[in-house]
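Below are structures written as structure tokens.
Below are two complexes that have chain A in common, paired first with chain B and then with chain C.
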Partner chain A sequence: MNNLTVPPLIAFLFFPGGLFLMFGGMAYEWIDRKLVARFQNRIGPRWFQPLADVVKLLSKEEIIPQGVDRILFYLLPVLALSAALASALYVPIAGFAPAYSFKGDLVVTLYMLSVLTLCLGLAGANTPNRFALIGATRTLTQLFSYEAPFLLALLGPAIVAGTWTIGEINFYTQLHPWQMILTQPLGFVVALVGLMGKLELPPFDAPEAETEIVAGALTEYSGRGLALFRIGKNVELLIGLTLVSAFYLGGVGNPLLFVVKTVGLLFVMAVLQSLFARLRIDQTVGLWWRIGALLALLNLLVVALFRALA
Partner chain B sequence: METSLPTPWQQALDKLRDWARINSPWAIHYNSGSCNGCDIEILATLTPRYDIERFGIKLQGSPRHADVLICTGPVTRQSRDRLLRIYEQMPDPKFVVAVGSCGISGGAFRGCYNIVGDISAVIPVNVYIPGCPPRPEAIIYGVVQLLETLKKPVA
Partner chain C sequence: MEETKKFIVPIGPQHPALKEPGHFEFSVEGEIVTGVSIRLGYVHRGIEKGAENRSWVQSLYLFERVCGICSHVHATAFALGVEKLCNVSAPPRAQAIRTLVGELERIHSHMLWLGVAAHEGGFDTLFMYSWRDRETVMDLLEMLCGNRVNYSINLLGGVKFDIDHAQRDAILRGVDFLEERSHHYLKICTTDRTFLGRTRGVGTMTREQADEFGMVGPTGRASGNKRDVRIDAPYASYAEFPVKLVTAEAGDLMARFDVRIRELFESFRLIRLILDNLPQSELTARVPRRVPAGEVVSRVEAPRGELFYYIKSNGSDQPERVKVRTPSLCNWGSVTQTAVGSKLADMPMILSGIDPCFSCNDRLVNIQRGDNSQVWTWEDLRRYGIEYYR
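Right after this comes the complex of A and B.
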């Protein structure tokens, strides 16, 4: 039941690294939008919609507003996308073994994924626009609230598997497919909802609430920068889904299992997205620290107790 | 200016760009002084009943993200500067759709002391949608007409 491996150069440019992730991310964005549309009794976008959006944005004019740091304005979208793409090298995308792995790459991957959110916050704070500033503040506030519970929730399976390497945890969960979801349901729920917070999906979309603060941190971005941030977010969606299904849903052993498990998770996320209305930013923080963090800690405590007793 | 014929590579890129532009028009909505009738119809157009996400149309909050400015009503003296500012904040290529009789001619407000004129008196308009107010079907038809004009090569 071991994973397949890919040669390094292909890993870097095409398969888990570059093109595959971008197009895969777009495909998952389409599935998400289509599912939400169907839940709202709509027809929904056509299958190429995310691709058309990205190509159109890339071919549009990029306006640099007055009063921004030009280098940061150009650099931040690139940095965000590259961090998201780089984190994929340590994740078993599509059921193949991670292209690279070392001891403790779980922590590195999670922090690479947060770089995108950090760049988003910086991008908003860089522009002299009041909406972008409020959006940036909210983005960073939300980062500080979901990050700890999400990390704690992913640590549960890591402690049970006895390793902090994503590839090995994936291998362990493949050997014990039902163990994680049955013994740590709390951790699974926190990880899933944490992923929604990470991606700023409803009900955690206060940072980009268009009815209040126009478009959040990205208000002043047009064309290329906006397109890169969108691709980055799609890549993060794909990686996040892979991580949660590798840790809690019995691992991703081959491409078929990968598609079934990640799309299943995406389905649940789409249901939650259409069920709940947007939370205020203080409600989001309260939810994460009062309930999310406590649940994740409880989960960790139970895991630690069992390990101490066994 | 380049005078040589476009290379096949350039033509293919142009085709891809036009395709993307036609299939993903993001809109922003501005009321420059209308009676709100047209705005209600535009909001009705955005509801699940008409589901314009089928065509890739999305309502954006920020003018920086938008391709199409959907504008209603005559332009009052007060909103003239705002309308101009929103238009200039939009990145190229940008298009303007004037919705309703007032956007076309000033309608019932024509000649009022506080009216600059119709929308084309302030910014260039690509498509006019008549009606007082136009039905959502008419608004969708108008936007589709705008997208049809994008298919033809610009001379």
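Right after this comes the complex of A and C.
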């Protein structure tokens, strides 16, 4: 079972990096918004709404508030998006083999994915706006709460496959399609919910709770910066879904399997998004460290025991 | 902290949490609120003053516009007061229809609040569902009087519209549907764990605090305060169709959800009772154009609590003074009380927990400093308003 490969330059600019990710991310954002809207008995956006939003934001004036570091203000959205795009090079996007891979690229990819959140936190802390400051504090608090369990959960499949390379784990799970989901349901749940925390989706949307702190860390961003952050988040959604499907759902061997598995996951995430009331930030931290981290550790322990006995 | 510099989070006058303008400053340490200040008055419209140079009938329509949610109850309070001044009482069928529409309005108001409060807590699904179901009662009101907001069903001395058999059946069907949905919402609000995490033990007011701050309506009743104008001083036809008191003891946000949703069941019961025993009579009694001199206090139970009207007539065709005290004004004190020590994340829910209605409660208080003029004319008020916002 071999994955297809793509030439490097195309990999960089169009596929799987660059344009494909941006448009793919928008498509997934639309699916998410539409599903949540339908669950909430609303009509939801039309299919081109995410694209229209981005085009509108890009054409708008970017207002730079007084008292910010201008370089950081411009740099952070770019950094956030580029980190998210770069992490895609090590991930089997759309069922193709990762464009690049080396030993231990799993860890690098996970850190690249966290750069977006770090940039969000910095962007909030960079402005003197009080909503943005509180939003930044909450963003970073949330980062510290979900990151460890998320990482621990994703390490489970890596240990079972005996490699820290995303592409190889993907091969392994394709060869043993039922193994991960049957042996590591705990890890799967933690990883999926961790992804929701990472993307600040409800009920983990305390960092951008509009009824309390307007738009959280991004309150002062308008126009281009906001558009870049939003694209970055969409890209991260796509990559996160790919990772979870590759690790737990029997891998992504071709584009069809990729679409079926990631959209299936997105469906589950949309259900979870519309089921719960927003958690307070202290409840989020409590949930992750009391339950999430324990589950992930338990999962890891089981995996380690399994390895020792086998 | 020994520093005097406080970190203040302003909410309002424009803020996504607020559906109407008001200004709240929360000083916080981390996520904990240490102080609150409230500033109101952004939507003062001079309605009390405006009534003084309109006729009694025109004033009825003006007071119906004090509140967009509980418009009927304002008109009822005014009409009942004027009828008392004239020594006229509306025919029994008119009183029953007033009561019926009042209860339909209570259902609409409570369901609206349920959605808003859920939205403040980030539970948008409940928000969307409750507002979808609220359309049922809005359609019923529209069917009765042709309007969704200002029903305009009251006249001085009676009501405008009768209820026929088709309308009666439609109301009964709508009420059946809403009752079933309300059971569902009650279940969600009392059993859903994430939702309880946001409401249980949040913004708790004890019975003593509630009495001390003069809290009224469901907010007070959720703290065990046994006060309801419909029971204590029945007006319209609440004497013939008595209401049961709905209270809770906990005094937290969950108790307020509980009380408001259980009040819905009481309203459903009352609507069925009234429709089954609608008295036969005329719809209006004659009220003179010039109201005899005198003063009267008219109290009714609005969806948010006790609504108080003081009406003074000097025997002319215009009111001399009308004073309106809306329930929201009584309940603001509880916010300052419960906010301190709560988490910032709970503030939107605590604010919406009293079901505030901003434009209803904005009043102008003029403190005299040397100037002898006691009464402001409409022109004075207008000029002051323009200067104030300049």
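Observations
Just so we're on the same page, the second predicted complex is superposed on the first by the 310 of 310 C-alpha atoms of A that agree within 3 Å, B and C clash if a C-alpha of one lies under 4 Å from a C-alpha of the other, contacts with A are read in each partner's own complex, and residues count from 1 in each chain.
Convention: a residue touches a chain if its C-beta (ideal position, glycine included) is under 8 Å from a C-beta of that chain, and two chains touch if they have at least 3 such contacts.
Computed from a predicted model, the values in this text were never measured in an experiment.
Placing chain B and chain C on a common chain A by superposition gives a clash between them.
When the two complexes are overlaid on their common chain A, residue A:280 makes contact with chain C while staying clear of chain B. In the superposition on chain A, A:203 makes contact with chain C only, while chain B stays out of contact range. Set against each other, chain B and chain C differ in how many residues of chain A they touch, and the higher count belongs to B.
Using the contact criterion defined above for the overlaid structures, shared-chain residue A:61 touches chain B, although it does not reach chain C.
Of the two partner chains, neither chain B nor chain C is touched by A:306. When the shared chain is aligned, chain B comes close enough to touch A:226, but chain C does not.
Of the two partner chains, neither chain B nor chain C is touched by A:144.
Of the two partner chains placed by superposition, only chain B is touched by A:43; chain C is not. Look at A:178: by the touch rule set out above, it reaches neither chain B nor chain C. Using the contact criterion defined above for the overlaid structures, shared-chain residue A:130 touches chain C, although it does not reach chain B.
Annotation: chain B segment clashing with chain C after superposition, chosen from 4-12, 94-102, 112-120 or 130-138, is 112-120.
Residues 40-42, 131, 210-211, 214 of chain A lie at the contact with chain B in one complex and at the contact with chain C in the other.
Those residues of chain B whose C-beta lies close enough to touch chain A in the complex are 16-17, 19-21, 23-24, 26, 48, 51, 53-54, 56, 60-62, 64-65, 67, 89, 91-93. Chain contact summary for the complex, chain A toward chain B: residues 33, 37, 40-46, 48-49, 51-56, 59-63, 131, 210-211, 214-215, 218-223, 226.
Residues of chain C touching chain A in their complex: 7-10, 15-17, 31, 118-126, 128-129, 132, 192, 194-195, 197-198, 343-348.
Those residues of chain A lying in contact with chain C across their complex are 39-42, 130-131, 134, 202-203, 205-206, 209-214, 274-283.
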